[in-house]
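Common to both upcoming complexes is chain A, partnered first by chain B, then by chain C.
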Partner chain A sequence: MVLRKGLFKKPKNDLEGVSWDASGISVPDKTYFSCAGCRRMILTSDLEENLWICPRCGHYHKVPARTRLSWITDEGSFSELFADIEGIDALDFPGYRERLARERAKSGEREAVVCGTARVGGYACAVFVMEPFFLIGSMGTAVGEKITSLFEYAAKKRLPVLGYTVSGGARMQEGILSLMQMAKTSGAVKRHSDRGLLYAAVLTDPTTGGVTASFAMEADVILAEPGALICFAGPRVIEQTIRKKLPAGFQRAEFLLAKGFVDDIVQRDRQKAYLTTLLSLHCEGGPGCEGYRTGTGGALA
Partner chain B sequence: MFSKVLIANRGEIAVRIIRACKEMGISTVAVFSEADRDALHANLADESYCIGPPPASESYLNMAAVLSVATLTGAQAIHPGYGLLSENAKFASLCEKCGIAFIGPPAGVIAAMGRKDEARRLMRAAGVPVIPGCDDVADLEDLRRKAADIGYPLVIKARSGGGGRGIRVVNGEAELERAYQTACAEASAAFGDGGVYLERLLSPVRHVEMQLLCDTKGNVVCLGERECSIQRRNQKLIEESPSPAVNDDIRARMTDAAARAAAKIGYVGAGTIEFLLDADGNFYFMEMNTRLQVEHTVTEMVTGIDIVKWQIRVATGHPLGFSQEDITVSGSAIECRINAENPAQGFRPSCGRVTLLHIPGGPWVRFDTALYQDYVVPPYYDSMIGKLIVYAKTREEAIRKMQAALCELVIEGVDHNSELLSDILSSQAFLSGDYDTGFLNDWG
Partner chain C sequence: MKAIERVQAARSPKRPTAASYIANIFTDFLEMHGDRRFGDDSAVVAGIGRLKGRPVTVVALEKGRGTEEKIRRNFGSANPEGYRKALRQMKLAEKFSRPVVCLVDTAGAYPGQGAEERGQGQAIAENLMTLMTLKTPVISVLIGEGGSGGALALAVADEVWMLENAVYSVISPEGCASILWKDSSKSAEAAERLKLTAEELYGLGVIERVIPEAGEDFGPVYAALSEGLGAALERYSGMTTEELLERRYMRFRRMGGSGG
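Let's look at the complex of A and B:
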C-alpha cells in the first residue's frame, strides 16, 4: 500500500497570530550560476572562493580581468596604463556602437584588455590581462593599440611583460583594421624581445583566432590553464571543413602541451608562484635584466 | 505568523515539524528526493516537490534546489530540522539574502559555534567552564609543550570538525606526533581546514546537555537537562530527562552557565549546550548544537513545552510566553532511538519493506516516526526510523513503561534494535542510573 494523494485531510485550524509579511522573497540575481562543465547550479560565492573553478567538477571558468590582476599582482602595486584608449566604430558597422556601450556597461571595462605595471612576487613588470566579459576579449584597434603600447613602454623601461590572454579572435566589427593589429602587436613583441626582455603569457580558455596567431603564441614562455581551448580556427570549423571527427581533447591545453606548442600547464593557485619563479630566473642577474627586483633601482622602484 | 513554511528535511523530524505547523494553521511545503517519493512527510505536507536524486548531497543538501522551491511556492520560512542543512551557516545566510526566514539562530552564531576553537573561546569569555586544553596548535614544538601542560591522556580535535572525524586519542607522548599528523590530515581532507586543538580526555564522564530557548528580545529560558550518556560510537541511543546524575546544585549551576553562554553569543531559537559531567559534579562545555535536537522530545514531555512550535514563533519575532521561573520540570521521560540495524550482526544497517507495523500506545507513550505499513525503508539515509518516548511520574515507572512499549512495538521486514534497547533498560547500571559514556563500550 502506497499512500495515495489526498489521504490526509487539512485541519481546520486558523493561522495562529497575524500573517507575516511575505513581500521580498526572491533569490537575488547572480546568487547561483550554471556550471558549463557539469551543468549543476553552483553558488556564485563558492565559485569565487575557489578561484572561479567549479568546486564540483573542477571546470575552469572565465575570470574578469581585474580579479585576475588581484590574484597575481602584489597588493596595491598595480598601476593602470592606457586606460583611455577605447574602440571606435570606424567602419560604421551596423549595431557596433550600441554593442560597445552594452559591453562596457556589462563588464565595467572600456576595452577588452587591461594594461599596466605592477609587482609580482616583488618583481616589477608590465602586465596585461584580457577581459573575457567584453566581447569575449576580441582584438580590435584599441586592444591592439593597448598591447602594442604596453610592449613599447616595457621595452623603453626595460620591464618584463606578463600577459593573460582570452579572446574570441579578431573583432569582426572592425574588419581589416582588427586584422592589422596582429602584425602591429607582433612587431612590438619583437622589439621588446630584441632588447633581451622576458615575455611570459598565460593562455586561458578560450584563446583563439588572431590573438593566438599573434602575441599569444609569441611569448618566450607560453603557459596555459588546464583545459583551455587554444586554436586559430576552432574545432567545429575544422570538423566541418575536413568532414572528419576530431580526436578527444583536440586543441585543448593538454593536447598542445603534448605537441610542444605550450611549455607548461599551470593551475590557478600556482600561477603567481610560477610567474614569480620565472621572473626571478630571468630578471635577476640575467643579461640586460639587472635591477628589476624591488628596491634595486627598477623602473617602478 | 508565517502562513507557509518549507521543511528542508525528511523522516520523522519532517513529520514532527509538519504536525506542529498543522496545529498552528501554517501551510506546509515538503521537499523530497527520488527515493522518498512515497515518504510520509511528502504526503502529509500540503505541497511537496522532488528536489533531486536519492543521495542527500544531490537533494536534501542541494541549497539551490531547496531555495528554488521556497521562492517558487512563496514559503516565508524554512525549517531545517536536524542534520542536513540545519547547522549550515552559508544556507542560513542565503535564506536571509532571499528574504526567507531561517528557523534557527543567525548565520553568524551558527558559524561561530561551528568553529570548535572559537566556541571554546566564546564560552570561556562567558564564564562557562571548558574542558582543560588549548585553543590552537601552531607546530610540533608548540604541540609538545601544550600537550605536556595538559597531561595525558588527551584528545586532538579538528577545530572545524564534526561527526567524529579528525579526532585522535593520545595516551602518551610516544603517540603524540603521529596522532597529530593523522588528525591534521584527516581534518584537512574532511573539512578543508587542518587546524586542531587539544583537550584533556575526561573519563569516566556523563554527557549531559541543556536545552535552551531564546527569543529575539534577549529572553533566555533553560528547559532543563537531558542525560545522553548511553551512546554507541558517539551516537546517542537512549536519552532521559531529568538526568539521574544531576542534583539541584549541579542543575542550578549548569542552567546558569548555559543561560550566560546563550546571552553572550546572542542566541535566538532552540539550541543545546552539551556538557561533560564528571563524578565530582564538575561540568565542562563540550559543544553547542545550534538546532533542534533528535532528543528534544524528552524535554517536551517533562516541561509541557512544544519546542518546535516555539522555534517557529520565535522566528517570527514573537517573544517567549514564559520566563525561567515558569518552567517546572516534573516527572521523568525516556527516549529510545529505534534504528534499522542488526545489533547481532555488528549493527549492520537494514532496509526494505515494512511488512507489519504496530505502534505502541497508551497514556504518555509517544512514537515519532515516518514509518507506515508497507513503507520501504530506503538505504540512502540515517538508520534511525523512529523514536519511542514515554513519560511517567517517576523514573522507575518510566523505565517500566518503556519496557512495555518496546515489547509492544512491532516492525517486521527490517531489522531493528528494540531488543538491545530493552536489554540496556533492564541492566543494573541503567536501573540504578549509575552509568557513563563508556556504558556500551563493553556491551556483550
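Let's look at the complex of A and C:
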C-alpha cells in the first residue's frame, strides 16, 4: 500500500476531522504515521495492536474492511459472497476507470464493500463491511448490488444481517444509477425486515449522504463508533448554506445519540461481545432465526 | 439542446411550480398540513383531491413563485418534517386505497443545521423503505429539478415520469464540477457527463415516460398528465397488491444490477 498524498493536509472544515478528505484517505502503512487526532507520531504497529485506536489520544482511525471482519467474526467462519461484482463505467465518466484501478490497487479490494456469511459468537449471520480505503466507501451500482443481494440471501436463508457502514455517500461517477441504489437497497432491507429478521448496523466514521439516507438508517438497531461523523449533508455544505459556523461536535456519534438517532455508542473492544449478546437476544428460540444457533445450523453449511 | 440548457430551463423562475399542476390536474383538492411530530414544512404540499373523479393523494415539492413565497417554501428544499408529512399522507393513502401522485421539483433536501439535528438522512431513508412496500399505486412526475436523495424520497414509485425539460441527478452539475475539476464554472461539462436529462434517463431505463413541453404554454402538459395519470392509475389499481409490489421492487432491483 502506498502512503497517500494529503496525509498531513488540513481539513477544509474542522468538523470533518483530519483524516477525511474528498480526494482520498491515508492508509497508515509505514513504521510511523501522524495521528489524525493528536498529530503525534505513532508507531503503526502500536496502532494496529490497539484496534486502530490511537494509544495516545484515543482517536478512532479508519479500518480496512477485512481487518474489521477479523475482529468481529469467529475465526475461520467468514465466507465471502458476491466477490466478483464490481463497479462499471456505465456513463463513460471522465477518469472513472483509472480511479477504480487506483482504488483497487490502494485498498486491495475490488469494490467498496465486502459481503458474506460468518458466525459471530457462534451465531450464523450475514455480514457486510464497507471499505473506507476504496473511494471512501462510496455507493455505486456494485455496492448497491452487493448489499441488495446480501439482504435477499439473508431473507431466503433466514439469517440476521450485521453491517458496518463507512461512506462518502452515493458515487458521483455512476450518476443517477448510484442514486437508484438507495431505493434498491432500501427495498431489500424492507423485505428482509418484513420476514421478522434482525438487521443491526454499526455506523463508523464517516457515514454520510446516500448511505445515511438509506440502509445505514434503516437498521433495527443502529450503533455508532465514538466520534464518528454521521450525517446526510456534510458540515462544509451546511456551513456554506447557512453561512455560519456549526457548534463543535455537530453530527458526531455523541450528538446523534443525544438527538435520538442512534441506539448506542459502542467502543471497538466491546463490539463483538455486544453484537453476540444482541444476536442471542434475537435468535435464541425466537421465530427469527431458529436453527441457526451454534452447532445446529445448516445455514452456513 | 445542451444538458446545461435543460438544467437552466428546469430551474427557470418562469416555469410553473407544483401548485399550478395541482390546480390544473386535480379537483376538490384539500391540503393537509403537518407531520404530527414537529411542524409543517411549506416546501411540501400534500393533500387529497380527485383525478378524473378518482380520489388520489397528492404530494408535491413546491418551490413557490415570487420572492416572498419562495422564502416561505424554502425554495422547495424540504426539511425532515416535510418528508415525514409526505410519509403521513402516503400511509393514509394506503389505508384508504387511494393511489399517490408525487410531483417532484427540488434542488435537494435542505442542508441546514436543524435538518440534520432532526434526522434528514433518517427521514429520507424511512420514505424509501416505506414507499418500496406501500400497498397502493404510486406515480412520480419530475416537473423541474430532481435533486438527489431529496427528490428520490418522493420518487420510489411504480412509474417515474419526467417533463421534457426536467432534470434528475445524484449531484448538481455545479457540485460535480467543483469536486471533479475544483471549478464550478465547468458545470456545463458536468451536466453532459452526469446524463441527467429526461431523454438520457429514459435511455438508461430509469424513467418510463417523457412528457413533451411546448414552450411557455403548459396547458398541453397538464392535459397530457391528466390523461396519462388517469390511465396509469387505472392500470395499476387493477393489479393485486402482490403483483404491484413485486413489479415496484423489480423496477429498482434491475437498475445497475447484473441483469443490466
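One rule holds in what follows: the second predicted complex is superposed on the first by the 268 of 301 C-alpha atoms of A that agree within 3 Å, B and C clash if a C-alpha of one lies under 4 Å from a C-alpha of the other, contacts with A are read in each partner's own complex, and residues count from 1 in each chain.
In this section, a contact is a pair of C-beta atoms (placed from the backbone, for glycine too) under 8 Å apart; a residue touches a chain by one contact, two chains touch by 3 or more.
The model shown is predicted, which means the values in this text are computed figures rather than measured ones.
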{"item": "Of chain C and chain B, partner touching more chain A residues", "value": "C"}
{"item": "Which superposed partner A:F133 touches (first chain B, second chain C, both, neither)", "value": "neither"}
{"item": "Chain B versus chain C as contact partner of A:K259, first or second or both or neither", "value": "second"}
{"item": "Touched partner set for A:W71, first chain B, second chain C, both or neither", "value": "neither"}
{"item": "Partner chain in contact with A:T31 - chain B first, chain C second, else both or neither", "value": "first"}
{"item": "First, second, both or neither for A:A213, with chain B first and chain C second", "value": "second"}
{"item": "Doubly contacted residues of chain A, that is, touched by chain B and again by chain C", "value": "22"}
{"item": "Residue numbers on chain A that touch chain B, as the complex places them", "value": "1-3, 5, 7-8, 10-11, 13-20, 22-28, 31-32, 41, 43, 45"}
{"item": "Complex contact set, residues of chain C against chain A", "value": "109-113, 115-122, 124-126, 128-130, 132-133, 148-149, 152-153, 156, 168-171, 176, 179-180, 193-196, 201, 204, 206, 248-249, 252-253, 255-258"}
{"item": "For the chain A and chain C complex, residues of the former touching the latter", "value": "22, 85, 90-91, 93-95, 140-141, 144-145, 148, 170-172, 174-184, 186-191, 193-194, 209-210, 212-218, 230-233, 237-238, 241-242, 246, 250-251, 259-261"}
{"item": "Residue ranges of chain B touching chain A (in the complex, touch as defined)", "value": "1-4, 22-26, 38, 40, 43-44, 46, 62-65, 67-68, 70-71, 74-77, 90, 94, 97-101, 313, 316, 318, 372-374"}
